[in-house]
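Before anything else, here is the set of structures, which you'll find just below.
Look for chain A in each of the two complexes below; its partner is chain B in the first and chain C in the second.
After this line comes the complex of A and B, so read on.
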């Protein structure tokens, strides 16, 4: 392993291509931290935004006008404003209103840290699109199928959980895929509120080592791989939901 | 309940129903006793489907009264889910849940709606599928079955709720001529077992054979009714005569 790491130091000395996180333990720690934070942030936001999408689409079918209106206002707000502004809004404007709590070393820190705000902000951002995606899927479910469930005595929530949502899901995976890919790419915005994710840590490294070109290339490759993994997982999910004799 | 079996199980009185300005039912009355099989026939658009969909509350009515086992369906306080446990329905287009196997289609409502134990529901479902002659299709998805087979699953699905009365809305109209008989035979067996059945049908031979009473609708009214012999051999109303002459 050491020899492998050393190879990058020699590469640097011989060619000037500088990837310090390969041979320098401290920088390696930074990159691994950043990578882990990005993966965590992406995974949590993907999960929450999908849940928001499913719940929001359910609320949009509510018999109460007010409920439907609130969901629509939410969608408009988050869809029609820049995600960076949303992030700043949560972190700076809402963050100030949140109580501070005592931390381990006697001082105080905010109840929700920058990572927490990134999760909240990005989940709601992607969630707004997911609501619309799920709604389009729900519209594709035949009314007659839902009627059959009604006639059997299913409640509104049971119909949604057991019939509408599973059928809608099979229709929306391609558009969901798109939006979630966008979400993973958008996690880089968390850099702006100093969440130590991959872009942030890379920035630390290029400031210390003046190797901007190498770090940019590295980032492109890293996100390409991360998004690739997501797309692969989504395709796997799509295939596992296939039903003989149904759909495409 | 204030219902005893000497009174009609389903009692429809002077029911009016319109969609917007279109008047579809203009004062319909009919009674169905426990164990009776009644057939509703009539030209397309005369309101047959609309009428039977009022019985399980899929359609609401403007005025009149529908009593199911003494309970008023046209009551805004009515618990529709409770009503639908007693009234089963089979549709023209089968309306099976496409993402569930035949077995799952049949056992889903007992588990979800009646809160039956999964194992008990499964045993009962297998028995019902055997009863409709589909024991070898237990694990098939709707998309893998013929129309007649799907319709028999739909009948089993309805029976699984152990209803007191079943509504059949032109359940053979979408089937190939060869498969019509397998479904009619299944219904005939049900009728012979004493199930109360309300059928909308164009199968005159079948109606004549199994019905206790036949109703003829035209333009949102019941223009003639009687036992099959009287109805087919001795129709009085010119509209009935014309319809029968076209069909027979």
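After this line comes the complex of A and C, so read on.
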């Protein structure tokens, strides 16, 4: 393994192609941390944003006007503002208003750290789009199907959970796929509030080593692979949900 | 100083020779033709380069840049840069000259042409709450420490002292995060921190540690611009000799630094 790492040092000395995160142990640690943070942030945000989307779409069909209004205000607010502005807003504006807790270094710090704010902000941002995406799927479910369910005595929640949503899911996967890909790419914005994700750590490395071109190439490839994995998983899910005769 | 005299003579010779017989187009000709010099300066680094209340960029470095423009008889355009893009701006020709609080480092000399002698110098220190009672650099171990993206001492602070660096794009964000309690300290240039500790808004904060890495700052031109390089070298020597740097420090409320004093006496 050591010889493999050393090969990159030789590559740098011979060709000037500098990939310090391969031969420098400290920089390797940084890149691995960054990669892990990006994966963690993406996975958590994908999960929460899908949950927000499902719950939001259900609330949107609520018989109460107030509930529908609240969901719509939420969508407009998060969909119509830039995600970077939201991150800054949460971290710098809301962050100082929330309660502070004693931390392990003898001071007090806000209850939610930068990673927490990134999760909250990005989940709600993507969630706003997901609500609309799920709504489009729900509206594609034939009215007669729901009427049949009502006639059989299903409650509103039961209809949504057991009939509408499973059918809607099959319709929305392509557009959901789109939005989740966007979400994973948007996690790079978290570096603005110092979440040590992949772009942040790469930025630290290219500042120390002045190897901007190499790091840009690496980032491009890294995100291509990361998003590729997500798309592959989504396609796999899409195929496994296939029902003969529905939506095909 | 014998050597300095010889050097100065050589530089004067270069300048006169180059102005007399400009045979090929270089950046000086470009600037003169354009009638404006674009200088990369900081816009968030009080008092070295920051935005005045009317939005214009002012400070010690913008004034130094203005000297260069006056000498060339052209107008000046300040381009705000940050630590993580300043060398790239110069490389890509977005700026002709960069005076942006940059520490002179050997690996940076491979990318841009840093002009000798150094025009300024400063070291690294931290701004932290007095109540934390920090005494040694090793006290930062395991604590989150705010920093600026692209600063060279981020790596050293985390590698040597075990601090967890939380780096932001600009100083405003870092100061806000420090105030909000997201970090235990803010690691930055001592020259800038001194100004903050005097600010009533930052009462209760101190610069408790011994300054480390006292390192010279370098202004830079593009690699290969030898004529401009030689001209800037002459200008820096004149700044030091005439006490211009010391005057600017006084004007902008900085205690005269030992480096500026020594260079003036030389």
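The rule is simple: the second predicted complex is superposed on the first by the 248 of 248 C-alpha atoms of A that agree within 3 Å, B and C clash if a C-alpha of one lies under 4 Å from a C-alpha of the other, contacts with A are read in each partner's own complex, and residues count from 1 in each chain.
As a working rule, a residue touches a chain if its C-beta (ideal position, glycine included) is under 8 Å from a C-beta of that chain, and two chains touch if they have at least 3 such contacts.
Bear in mind that the values here come from a model prediction, so they are computed numbers and not experimental data.
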Message: Quick check on the superposition: with chain A as the shared anchor, is it clash or fit for chain B versus chain C?
response: fit
Task: Using the superposed model, determine the angle chain B, chain A, chain C defined by their C-alpha centres, to the nearest 10 degrees.
output: 160
Task: Would you check which partner chain A:1 touches, where first means chain B only, second means chain C only, and both and neither mean what they say?
output: neither
Query: Does the superposition put A:209 against chain B (first), chain C (second), both, or neither?
result: second
- request: Return first, second, both or neither, reflecting whether A:157 touches chain B, chain C, both chains, or no partner chain.
  value: neither
- request: May I ask you to decide whether A:96 touches chain B, chain C, both, or neither, giving the answer as first, second, both or neither?
  value: second
Query: Between chain B (first) and chain C (second), which, if any, makes contact with A:243: first, second, both or neither?
result: first
Query: Closest Cα approach between chain B and chain C after superposing, in Å?
result: 49
Shared chain A surface residues [contacts with chain B and with chain C]: none
Statement: Counting only contacts in the complex, chain A reaches chain C at residues 26, 92, 95-96, 100, 103-110, 113-114, 192-194, 200, 203-204, 206-210, 212
Task: Over in the complex, which chain A residues touch chain B? Could you list them?
output: 142, 144-145, 147-155, 158, 162-163, 166-167, 170, 243-246
Task: Sort out for me which residues of chain C touch chain A in the complex.
output: 83-84, 87-88, 107-108, 110-111, 129, 131-133, 142-144, 146, 149-152, 154-155, 159, 165-169, 173, 176-177, 179-182, 184
Message: List the residues on chain B that touch chain A in their complex, please.
response: 56, 58, 81-82, 84-85, 87-89, 91, 93, 95-99, 108-109, 112-113, 141-145, 154, 157-158, 161
